[in-house]
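The following blocks contain the structures, represented as structure tokens.
Same chain, two partners: chain A is paired with chain B first, then with chain C.
Then we have the complex of A and B:
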């Protein structure tokens, strides 16, 4: 194990890999559908054929958590990538062009940063109507400003670096200068931020789903499962608790894995 | 960023575990106080307990303890039966237009003034002046004559066979002290004295009210009838059923009327020192189909869908211990069984045919109001049944403010909704006009059967059961509505509380005649 990769982070990476594989292939291996009842309602965990038990409809909770995890991961990945790309575009423009454009773009960015992200996402999702696509759009709307700010600062710092000055003196200008000499220095920072962000996006997706702004039932969404099961917390605790734990665990793993990635990049001098 | 998000994730896990372990009990709350105090609960607050605005349900536990009408329904029996309240005898003319009431003597209001015929007119006028939902119950009253202090004659604009039932309705007009009406005139914009004070004749009077926290009733010493079994009844407002369950289990509450879902009720059935009760009611979870739906507007498709669903199984699975499958169209105990039969027969092959035919590649959107556990369970279970049959179905809950607007979206709205409604009173007109005619207010998708309103109009005049039987057939054959189940009223009480079997209301769930509850052995 490299010295810059701590034991906890390695464990997180290994566990995350297991979770990713399970989420990708698990639903294919499960004998049950995630939306068709497969057993008696309210079966507790470790019941025959139902590792995590069943919910109030008799749906297999393990199957639904696996599918919900896959949906959460996919959603978080798409949202983070779109937000990062949009943020990079805006941040690069602002940082590299500067002047009035920088001022305008950064004031707009500040405006978004000043608003409470989750509340704004809820408002946008409510406006767009319930559904996974609405949630993704809503979260993306509030997620890009962080990247814009970050990239703008990095671009301005990198633009003054010696290798960029050298390239400029040798006649490289404009888009070519940005793409070949500025952005490569910015990308690792964005990658680390994005990896750390995925956990946050997963929690936000679950939060929107929890308050009823995600896909409608019986879609296997972790937030929706926790929300719908909350009324059974005293008598069938596993119905809301296991999906809730899945959200927390996913978020934690991504954060520790992201920390590991940062350590790796630092170790390589990034 | 890492620390912040990691902390959020840790917090998520901790809160999840905490929710599982705690259930939200209230540490330090004192135990129930024996024979003098009965501690009950409201789940999530109640509407203003003004006798002329109360139109929700739970708040009637307060209103109907402090106020009385001219007539009422006997509590503790399934079949609604008129019984005397402030009127001792009553009669209707042959046209159901003029009603005469002889009034009870020796009755005083809680402000000490005597009850006379003049109070009836003043009270009816207040209900009209307030103009809230229940005002329609006296909307047809043309005049209230008072030949003597102990007799009133009410004349209607048009014949109405349901009028006595409207007077006996749990939401029916209550008699209020004229002195209080004069001293505290109603203003929609101003402070409402009647929100926390009462001026009725009932066995209890309003005690200390802390809105959204607790409501206390204290026995009225001058009550004309039997003395209430408990001198004080206190309702605390609790925000979750899980918390109520734990408070019942550890003795912090003496009882709960209504609210229970099947899981909670079943869990409480197994607890020592608690007794559970199930009562008949007229609350009737009903399936409404959207006439503007692109998928269900076709009658053949609609009727096949209704025939394909095993509603007996659906109701049993969805409602469990708190409901039973319905066989008729009207709520239980309104019409005789022979007059009230569904015309749709279950055929298990229909859903597969629809999945391969007219509903192939289509999505059925099912909606419910998020505050109704019965509607949610029915909606989720129907979605499961349809998905299992190969018909894509979604079940969506809507908050109170968005549910009705969603249903008004026409073709863009849901295809189906479940609604667990009840008639305002035990008369078929109070159900059919409200739920099956667009002018009724709760014909949720505005579906209309040609000629139905006219039939109901004639039935209202005479009360002819055969006309209502005809309505039941028309409704069933249209396929716009399907009566799925009868909700059972539930109650859970400590085993040292008696009289619960005699306290339930034949129409509405969750409302008890609190005066008949008493300590066991007393």
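Then we have the complex of A and C:
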């Protein structure tokens, strides 16, 4: 691995921190509202007072991207955390209890893994009715099985490790054994997978919003902004492209940072 | 081999059944089919009558059996958006999506092989290339598609970005315009259809292509370092022959199984891409159904796309087992 790539990952973490802070304090950074026009329509980027220009209604695109980034991040974090926790619960149960429970849980998991995730998510979200919440539920429904598989394998591997054996010898059993001795060694793997997944979740949320499964216009959602702005691409490219770039950049940063995290944990021998 | 195939097909049937149940539940409980047909202002009597007519007052398993029998008769209901039978709408659009999907797979494989070759060349640019590829793989399909429109249509005026052809619907048999053009000997028609295909297919294939390249390059570098590659070299085979006959062959099976999985990503990209390029296929129909809150139609299209994905992956697994005996044993 060339050293500049390592630097690239450090840079990604730094940039990600900046984005996170910006998204957190987003509304304070901008004098405009994300849904009330604040200038002439179709102003190009770098116009006075409008860094990223304005859209067809005269809404400030920078403000909307900030707001959309915040929504994206929050959504992706919630989805990833819930999917990871649910997957851990199911994977641990299957891996630790074993037997019939293991077979049943893993059959169900494999069933979900055999289906095309985004297509199923679209169908589920449509069934639940459009809106950010149904997108989140739908993506969680297709995302947990990855973690369940992963955690089950890790739990089974860890359960045979010497330190778990020692704990068992000294009389630790059941939940306590799992919580104190098995899960702590599974957690880093889950954390790395989750951090690598966030980028994918962000893109999936944006795709669902793009096809009309998110909040209705003019909500500041990045996918929606990209699809609603598409009709102006010939004369005002920035209206659809900048929100799309924001999604791409977010996902890229998370992928890089996740790679970095994986390298760090692996370096420590975890 | 036979045992493997039978087991794989059995698991395919189970997965297809699960997909059916899922789609049934979505179309049954998602949205409100009665209100969808009658509108929000329908009287209570009309709603009750419609519920009886649609069989919604029956026990759930009767409804499921009814759903299956209607599926078997290709009675897929009426599209709320076009007020035409969904089956007819699908039949008209399947060739459009099939054509785009086939070219997307073709471009993905092409991109995968070319990039994998570049990866394995040790050069100072490979780091930069990795960064570019990493970015491309992280980008959502709609960004790549929009970028393609901007560069090749708005700036360069090279390629069309709307619809499938500049002429008119094909009169050929397959409904795939390039193929029809070639079969009827109408070369300009085929070329025009191809020009319409390039941007949408490329936009959907970039992500899968990059993923493929990574796996292929990994496999290639492993097999080129292997003992059998060394033996082949020591027998006087040229490096490119080693690559072709030993490297590519051994790197192909993980790449093929990845390609199967990537078909899922391609399908969801196609939904978005068809919307951007006004491609009159299943994806565009899906987005229209979503826009019209036509849950039953959304569910039906998802069933079709999902079933396609599941079947492709079963075929890939069986093909792998034919090519690679190790698969059969695991």
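Here is the rule we use: the second predicted complex is superposed on the first by the 265 of 270 C-alpha atoms of A that agree within 3 Å, B and C clash if a C-alpha of one lies under 4 Å from a C-alpha of the other, contacts with A are read in each partner's own complex, and residues count from 1 in each chain.
FYI, contacts are C-beta pairs under 8 Å (C-beta built on N, C-alpha and C of every residue); 3 or more make two chains touch, one makes a residue touch a chain.
Source: prediction; values computed, not measured.
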Next on the checklist: I'd like to know which partner A:8 touches here: chain B for first, chain C for second, both or neither.
Outcome noted: second
By the touch definition at the top of the document, which applies to A:190: first (chain B), second (chain C), both, or neither? neither
Q) After superposition on the shared chain, which partner residues are touched by A:105: those of chain B (first), chain C (second), both, or neither? A) neither
Taking the superposition on A as described, I'd like to know which of chain B and chain C A:120 touches: first, second, both or neither.
second
Looking at A:37, would you say it contacts chain B, chain C, both, or neither? Reply first, second, both or neither.
first
- Task: Report for A:210: first if it touches chain B alone, second if chain C alone, otherwise both or neither.
- Result: second
Review point. In the superposed arrangement, does A:151 touch chain B (first), chain C (second), both or neither?
Key: neither
Quick one: classify A:62 as touching chain B (first), chain C (second), both or neither.
neither
Quiz item: In the superposed arrangement, which partner chain does A:199 touch: chain B (first), chain C (second), both, or neither?
Solution: both
Note: overlapping chain A surface for chain B and chain C spans 130, 199, 203, 212, 226, 230, 233-234, 237, 240-241, 244-245, 247-248, 251-252, 255-256
In their shared complex, chain C is touched by residues of chain A numbered 2, 4-5, 8, 111, 114-120, 122-124, 126-130, 199, 203, 206-207, 210-213, 223, 226-227, 230, 233-234, 237, 240-241, 244-245, 247-248, 251-252, 255-256
The chain C residues in contact with chain A across the complex are 11, 14-15, 18-19, 22-23, 25-27, 29-31, 127, 130-131, 134-135, 137-143, 146-147, 149-150, 154, 263-265, 267-268, 271-272, 275-276, 286-287, 289-291, 293, 295, 298-299, 302-303, 305-306, 309-310, 313
So, in the complex, the side of chain A touching chain B is made of residues 33, 35-37, 41-42, 56-59, 130, 193, 196-197, 199-200, 203, 212, 215-219, 226, 228, 230-237, 240-241, 244-245, 247-249, 251-252, 255-256, 258-259
The residues of chain B that touch chain A in their complex are 1-2, 5-6, 8-10, 12-13, 15-17, 19-20, 23, 241-242, 245-246, 261, 263-264, 266-267, 317, 365, 370, 373, 377, 380-381, 383-384, 387-388, 394-399
